[in-house]
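One structure below.
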């Protein structure tokens, strides 16, 4: 072995280098936590199986119930019915013991929707009688546009905006409850059992299966970056790093796909997908489905009844 | 007696790359335990892929019980499905081998491809889970398993097909001791029932458990030794030349220890280190 | 750009499902031909890869960061049909497993991000990469342009889908039931954000990732299925049959006493029906004199039915020949420029 270089002593800095200020790693940290959040339902498995009537139910029943209620939500017009739908979804979440952080996307959707439709509350978009005046430009001009007498929030506007926000939140809540109470591979297995083409569901299942692998690879990339980041690199170098990361993940995907293809061939796969027979529905699965139908009917009735 | 595998004059290169196998010929009789050893990159893993008909050699041929493994042979019934049922391949990368959503479905995959009845499939799954001591993992997703658990599931998914040959690619790499010993125990028991084993590895400590015969591949991708395990492993010059041991390894019987590069260290075992030129100790 | 549930009404999302179903079927049969037994794992891994690309946070000048969709990158690397499937699957996984993006709106999101985006981006890439010498720089620029165009086409499509909601669904009092912003608001809003900011994120990721992969040696020729000769023959037979059947339209019309199809009136007919000819019509009508007006020379309509049918047939032959010639010329043009390429 050649002798150790002279500069490779402990803690030896080149002469004259001042310590640099640490860079903000907020974006990296945010991505890392997003990857972690995505990995959690895929990897954290039956370690602590939360047993409840909802978790235990057949995924087909849950899929049908959730999808059905979401479709019904898109058919509801009135605010009372939509609010009831949202309350129903949140109630099921509470009953099933869904932790609050799994419902965070619902809050995010509600907030984002509220911001997006905020202009729709104004009379310039939705028309109607003013409710709360916001601005009085008194027929002035702003560039090419002629301004109205007053810009105000109207009842109609609130109705229109409220509709969207409530509906988006209700749908998001239903989807979140479904995702939080069903393990991913069971959910996808439920799709197959509902009659979707086997090849398609097998691909979907395999996507979920290898998503964890690729996410872990992406996480390692980000951790390696975090461990070596001292100062900001500048936009171009950062973009180059992202590109290299994306490329590395692609290379990994391709290699893994080749190997999986060989592994499938080695066990006799010739192109036709054959899967296990799904279990039959039990009493509680029918009860869940029936409950969903009843809830849907009730919501529609409320909706048609109200103005 | 027809040999199980007959490899003759095989050359192989991946597309656009230099050859990774250069003129390989040997035969594997039924019931043998063969080890393909060589340093990383010597081509032993690729050779296993060729034995399983996953790639076709650029030159030469690979035959299974007298039938050459060609695309046509493998896609024709009954040879194709029979071959897949009889020959099991344990991949080095368990992530590639476990491609089904749950452990149970993974075990069911092979039998379902063969078209066996649901009851038979279910029975075999149960018993394979019990054999590999992974019953509690039945409904788990592969992403949630440790390396040892994955390897056991992978082996179980092969055993449900009741193969007569197992091709193993670095079977114990990265395994915890308990998984490793269970694996070796099962393989020995299966061999007693007549299973043929072909293992590719660079870990010489496995060989007493897995091999009666050893083929050594050099870094130039050729066969440089083919014979009984004892004599081949005694040829330390050869092992040094093909980068399977390094100058500070020493032999202890049929085992090979490695020690870090330290010239001044007291050995308790009572044997000398084998540096180039020194006589290996007896026994 | 992911449209959540609740913004689109069933009048929009149901037809979207109807439109996507044959596209998915077509895409998967194309993939089966090119990838054979590798299709399953390759598709799944491509979808997982797309999902992961969507998670990367791309820095922008000014300290912010954005996310790329990645459809165009997948289209350039694996072909547009693979991108249709991969992006659709990634969106499905996002919606079902993570509640991110709508479930009813899934097909609509697939239309924008899994069909419109990869195809428009890929065509742009092919058009630009195949003109002149295909150096790495040129392919990189073409990929960037493809990414930019693709994401903006998707944004436009999203804006349209959202913007037509107020026109499609209103309640009894005339208030919009779904997305309240009409085309005049939704389209510019989506367009501006994507033209000015998001487009460059997508362009950067597409171009740089492609360049990295090429430089580090990954094989990048997209596997394209050669068109089978059988298919061409079948097409020729079908077209010939349709040409021969074309006079049926005349015969049927005469049988049932139908006049000219609604909205397809000539200037004279319009004047008669409406009582007067609009000014614009008067100005523009004489602009172009067709060689075979009404599928026959002047006076063919008043000749015998047999002669009229024969002229119809002749027009069909002329029309098919003209289209085929144009297509062939275009193909030769593109192929000739393609042959000048040498892989870098």
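Letters are used for the chains, namely A, B and C, taken in the order the chains are written, and counting of residues starts over at 1 for each.
One rule holds in what follows: a contact is a pair of C-beta atoms (placed from the backbone, for glycine too) under 8 Å apart; a residue touches a chain by one contact, two chains touch by 3 or more.
Remember, it's a predicted structure, so these values are computed and weren't measured experimentally.
K.L.:
Which chain, with its centre taken as the mean C-alpha position, is closest to the global C-alpha centre?
P.N.:
Chain nearest the overall C-alpha centroid, as shown: A.
K.L.:
Among the chains, which is located farthest from subunit A on the basis of C-alpha centroids?
P.N.:
It is B.
K.L.:
Mind checking the centre-to-centre distance between subunit A and subunit C? Centres are C-alpha means, answer in whole Å.
P.N.:
Inter-chain centre distance comes to 28 Å.
K.L.:
Using mean CA coordinates as chain centres, what's the subunit A-subunit B distance in Å?
P.N.:
About 43 Å, centre to centre.
K.L.:
What's the distance between the Cα centroids of subunit B and subunit C, rounded to whole Å?
P.N.:
The computed centroid separation for subunit B versus subunit C comes out at 51 Å.
K.L.:
Which subunit C residues sit where two or more other chains touch them?
P.N.:
In subunit C, 41 touch at least two other chains.
K.L.:
Send over the residues of subunit A in touch with two or more other chains.
P.N.:
42, 184, 188, 206, 208-210, 213, 256, 260, 264-265, 269-270
K.L.:
Hey, what residues on subunit B touch two or more of the other chains?
P.N.:
Residue numbers touching two or more other chains: 99.
K.L.:
Using the touch definition from the top, list the residues of subunit C that touch subunit A in their complex.
P.N.:
Checking each residue of subunit C against subunit A gives 4-10, 13, 24, 28, 36-38, 40-49, 51-53, 55-61, 65, 70, 73, 77, 85, 89-90, 92-93, 95-100, 102-104, 171, 173, 175-181, 185, 204-205, 207-209, 211-213, 216, 218.
K.L.:
State the interface residues of subunit A toward subunit C in the complex, per the touch definition above.
P.N.:
It comes out as residues 27-28, 30-31, 34-35, 38, 41-42, 67, 70-71, 73-75, 77, 105-106, 109, 113, 117, 119-120, 125-126, 156, 159-161, 163-164, 167-168, 170-172, 175-176, 178-179, 184, 187-188, 191, 199-200, 202-204, 206-211, 213-215, 218, 235, 238-240, 242-247, 249-251, 253-254, 256-258, 260-261, 264-265, 269-271, 273.
K.L.:
Enumerate the contact residues on subunit B facing subunit A in the complex.
P.N.:
On the subunit B side, the touching residues are 49, 52, 54, 75, 80-81, 84-85, 87-89, 91, 93, 95-102, 104-105, 108-110, 112-115, 118, 121, 139-144, 157-158, 161, 261.
K.L.:
Spell out the part of subunit A that touches subunit B in their complex, as residue ranges.
P.N.:
Within the complex, subunit A touches subunit B at residues 1, 42-47, 183-185, 188-189, 205-206, 208-210, 212-213, 256, 259-260, 262-270, 274-277.
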